[in-house]
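Take this structure, written in structure tokens, and hold onto it; I'll ask about it next.
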Amino acid sequence: MPRLAYLGPEGTFTEEALRLMEPGAERLPCATVGAALNAVRSGEADGAVVPLENSLEGGITTTLDEFAWGEPLLITAELLLPVRFSLLARPDTELVHIKRVYSHPAAITQCRGFVNRELPDAVVVSAPSTAAAAQEVSLPGSPYDAAIAARIAGEHYGLVEIAANIGDRTDTMTRFVRVSRPGALPEPTGSDRTTLVVFLADDHPGALLEMLTEFSVRGVNLTRIESRPTGDGIGRYFFHFDFEGHVADARVGEAISGLHRICGEVRFLGSYPRADGVSPQIKPATTDEAFAEATDWLAHIRQGNS
Amino acid sequence: MPRLAYLGPEGTFTEEALRLMEPGAERLPCATVGAALNAVRSGEADGAVVPLENSLEGGITTTLDEFAWGEPLLITAELLLPVRFSLLARPDTELVHIKRVYSHPAAITQCRGFVNRELPDAVVVSAPSTAAAAQEVSLPGSPYDAAIAARIAGEHYGLVEIAANIGDRTDTMTRFVRVSRPGALPEPTGSDRTTLVVFLADDHPGALLEMLTEFSVRGVNLTRIESRPTGDGIGRYFFHFDFEGHVADARVGEAISGLHRICGEVRFLGSYPRADGVSPQIKPATTDEAFAEATDWLAHIRQGNS
Amino acid sequence: MPRLAYLGPEGTFTEEALRLMEPGAERLPCATVGAALNAVRSGEADGAVVPLENSLEGGITTTLDEFAWGEPLLITAELLLPVRFSLLARPDTELVHIKRVYSHPAAITQCRGFVNRELPDAVVVSAPSTAAAAQEVSLPGSPYDAAIAARIAGEHYGLVEIAANIGDRTDTMTRFVRVSRPGALPEPTGSDRTTLVVFLADDHPGALLEMLTEFSVRGVNLTRIESRPTGDGIGRYFFHFDFEGHVADARVGEAISGLHRICGEVRFLGSYPRADGVSPQIKPATTDEAFAEATDWLAHIRQGNS
Amino acid sequence: MPRLAYLGPEGTFTEEALRLMEPGAERLPCATVGAALNAVRSGEADGAVVPLENSLEGGITTTLDEFAWGEPLLITAELLLPVRFSLLARPDTELVHIKRVYSHPAAITQCRGFVNRELPDAVVVSAPSTAAAAQEVSLPGSPYDAAIAARIAGEHYGLVEIAANIGDRTDTMTRFVRVSRPGALPEPTGSDRTTLVVFLADDHPGALLEMLTEFSVRGVNLTRIESRPTGDGIGRYFFHFDFEGHVADARVGEAISGLHRICGEVRFLGSYPRADGVSPQIKPATTDEAFAEATDWLAHIRQGNS
């Protein structure tokens, strides 16, 4: 039974993601993303589940920077989790009794419509996390009547769900990844994603265009690009790339070898099955067969054939 | 005397930036970036100063998203402000007396070396902002002995500077921008920057490469690219671009007209003098003169000359 | 009635092209392509019809070089003429009597199958042109029994057509163009072609790629590219480009203005209706409407709107 | 002693090239380029020397098309030969006696200045080749007083050189290549050239740009591009490419493998030392070492390292 660290406390959306990804795992809640990843690095955990990006908030910068700068880890799986907020209260609370609501600011923002409509007179107070809000509300003498949090938090802290799915948007998603220490990669499935961090050798005009051309020439489609500061002053960035395909694919291998040649440093963060199950349209010229055939042809002509 | 809103409370780095950019302005502190920008939109303020990016933390996503989605505003100036943290305390406090330190988590992180070295036994507690930490420390009965904040916060709240420049890195910078309601643009200076927000028409493979090619073909160099989620699910992004030059420059005008043609929406956020004073190397083929000459030539041949 | 020079003598395929293009014109046969074009330059003729390329032989280098180096002229029309060879002889000649055949070497090559099959014992002799061969055969005392030439040559010189369409390939075509002195251009028809000659400013690596990018970024498709030596040593070339669209089209105008900026010299050779009547697929982003809309938008934001 | 076919008759510039390239070879003059190449294909000759391009006339289309369509051969060497015309006459002829000059039309064109200046009253007549002109003039009863030809033709046919280097331009060059049957390639020298023929898979817009991008992405610089008709109608072309580097170079191998994948057919015509001795500037990212290092890195990360 693997032991997986995650961004705690108990009752977070990250725990929910972890339980969906690895139902049987032992769970180790950690205070921060960095702590969860360090638990993997140190061997205390076999892996970790951390959020990578959210469809409203964008990239989780702590995660992005940990992947770029910390001791290397490998992403081995991803999950897209719908973000569904519940209004949670102590048993026997009714909606009309709720005067003080406690939650994380992002959750408060995303549930503004529900609160204005159903709890127009309630005072809403910021909490450090949605799970912490639920935990607080579960205490008998809590000054708060309800928390906005994941349903799973209610289960943890003995709260009842007064209302479900109360977010203003119903399509908000968070993308979580499972990471391990470097080791065997997941097998290619035909619907894979690869993630890299790339540092420029020198920040000349056109450097980004050159990087994208390395991908496009081999028919590799980007699915995400994110710039992050290197820390060395405004105007100096490095890049996170997600793209279609597995590092075992010939076209991916050649593309990232090209990046490796032209860039200062390329850090491979893993190839893993896509959560959305989408398979890329691979052009005939960039299939593994086409690459193998071209390799044979090149060997043939290097022998002096034509 | 213009009235400028800013991200308050008094004593923030944003206030420091505002005072450097417009020493004589009346200052209107606001609780959030959104509130400061809304004060401009409503006419309550003539302009606002807000942070756009930090060399350690990256883009300030609230600002980026406000610029993209809110009622349009124009950036008219930028400032690069070194982030210098001071250890501030009530008068007569000495370093050896400091047992409890209060500050914003980012500041705590960035001053970890100083605290470990000089205050190894101090308890460090998180505050909502550095300015709020200074304000709290200034209260006679405060449980905290010192705040880590901008020097300007000490001046506001009557604290003395026990130690200056205590950040682990001395080169951290924040980039601030001054915004106004749409209106006359700053004149080109030869050292200008332009900022755009770009939404894709359809998110086909290669769309980003096409956008970058619109710039490169006209010799316009990007200085920043940042992707942000559109909110419509993981995998859907829009882009912030900063690049060299002024919208009045012919090469910039043609490049962004090209973007406008191929993209879903291009929002112009302003052309303004660069804070670093760097002038781009403009290739002879992309000067205003070269464009004017080509326009004349085209008119000439369209008349049937050759 | 216009007076048109052409590559003579009477009875050439060029004359056939001229008669199809301008049935009512007065015809002025000239000894060389250069002489025909000079007749236009001097005012002796109102225009000229000359061959530009052949689907088997390739570009007619004399024409290409005359267009590049000579006093400027404009192409105003093009024609694709199927090259159909006839076996022509004096009246009363029968196939079995033909022992000596006279024709231009290219025609001999292209009719090799017919000659081997039908005239296996005939001697075949090279002539300076197919029309000259027909003229020679028409003389009563000619040592030749038949000529391979255009049917029109038979009509001119009183020969009968023993066999028609005797080429090995039935799809050989020559492309002819009609040229005039610089003046009003043909109106755009929606199915137009434009021809340019481009000299590089400096022959740096990637120069050709940059030129093609100027076209592709504006959605302009090339239909022909031909390199020719500048004369200044091996390895120095200039280029002929044919591409879809009319110089009056916005996308064409911007593309060739871009070429004009980055190249040493761009010579406009004309915009004229395509002989094949094909209309290009214009992407929505590169229609005249899209360009006009982008121009309006640029003017709008340059006023400080966003 | 190898036996080399060449474009005859004796006394051509091609013979001069052959003697410079392989002084000790047995020489087999042939009537046409095709015949010379067929002599190699059949084994009658060990190799052949043929002209490929001329700095005034451009590509020698017969050679280009033979290389593209005929049984494959390999280019193993090249030579740049200055084209120096001599005025050749029978012994005891003086300049003032020359009334009738015989030569190939291209030579006549290129020596027009000399003839007009020194032989203003001479009649100039066209010959099938410069060597044939010299041969004719050498006959005692010849109606011609002098030939314009290569000096070597004078040596062959017993003529004296009345004037040397009489071309209007002194920098005209012809590029000759030595070809062999497929077999071992010349070793890379660091100053090599590679020649390919490329047929498109389908003639879509942008196909040429894609081909050039395959080169540019691997830092391979083109030195010549020439389009030739496929024969299947106007508007259908294939391409000859010359570029820097040897097929044994990693960057060249990857570039042409890319071409092979995206094109209909790529025919390798050889890698051989450059006649001009120029060594390309290879960017650090595209050296063999950089490719080898990237290959190692890829193998490493495919094992799950990062």
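Letters are used for the chains, namely A, B, C and D, taken in the order the chains are written, and counting of residues starts over at 1 for each.
Here is the rule we go by: a residue touches a chain if its C-beta (ideal position, glycine included) is under 8 Å from a C-beta of that chain, and two chains touch if they have at least 3 such contacts.
Keep in mind that this is a model prediction, so the values were computed, not measured.
The set of chains in contact with subunit B as well as subunit D comprises A, C. Note on chain placement: the centre of subunit A and the centre of subunit B lie 26 Å apart, centres being C-alpha means. Subunit C has its Cα centroid 59 Å from the Cα centroid of subunit B. In subunit B, the residues touching two or more other chains are 213. In terms of inter-chain touching, the protein chains here make up one closed cycle, each touching precisely two others. Chain pairs that touch one another: A-B, A-D, B-C, C-D. Residue ranges on subunit B touching subunit A, taken from their complex, read 53-58, 61, 80, 169, 171-173, 175, 205-206, 208-209, 212-213, 216, 221-229, 231-237, 276. Every residue of subunit A that touches subunit D in the complex is listed here, in rising order: 72-74, 182-185, 213-214, 217, 247-248, 253-254, 256-258, 260-262, 266-270, 285-286, 290-291, 293-295, 297-298, 301-302, 304-306.
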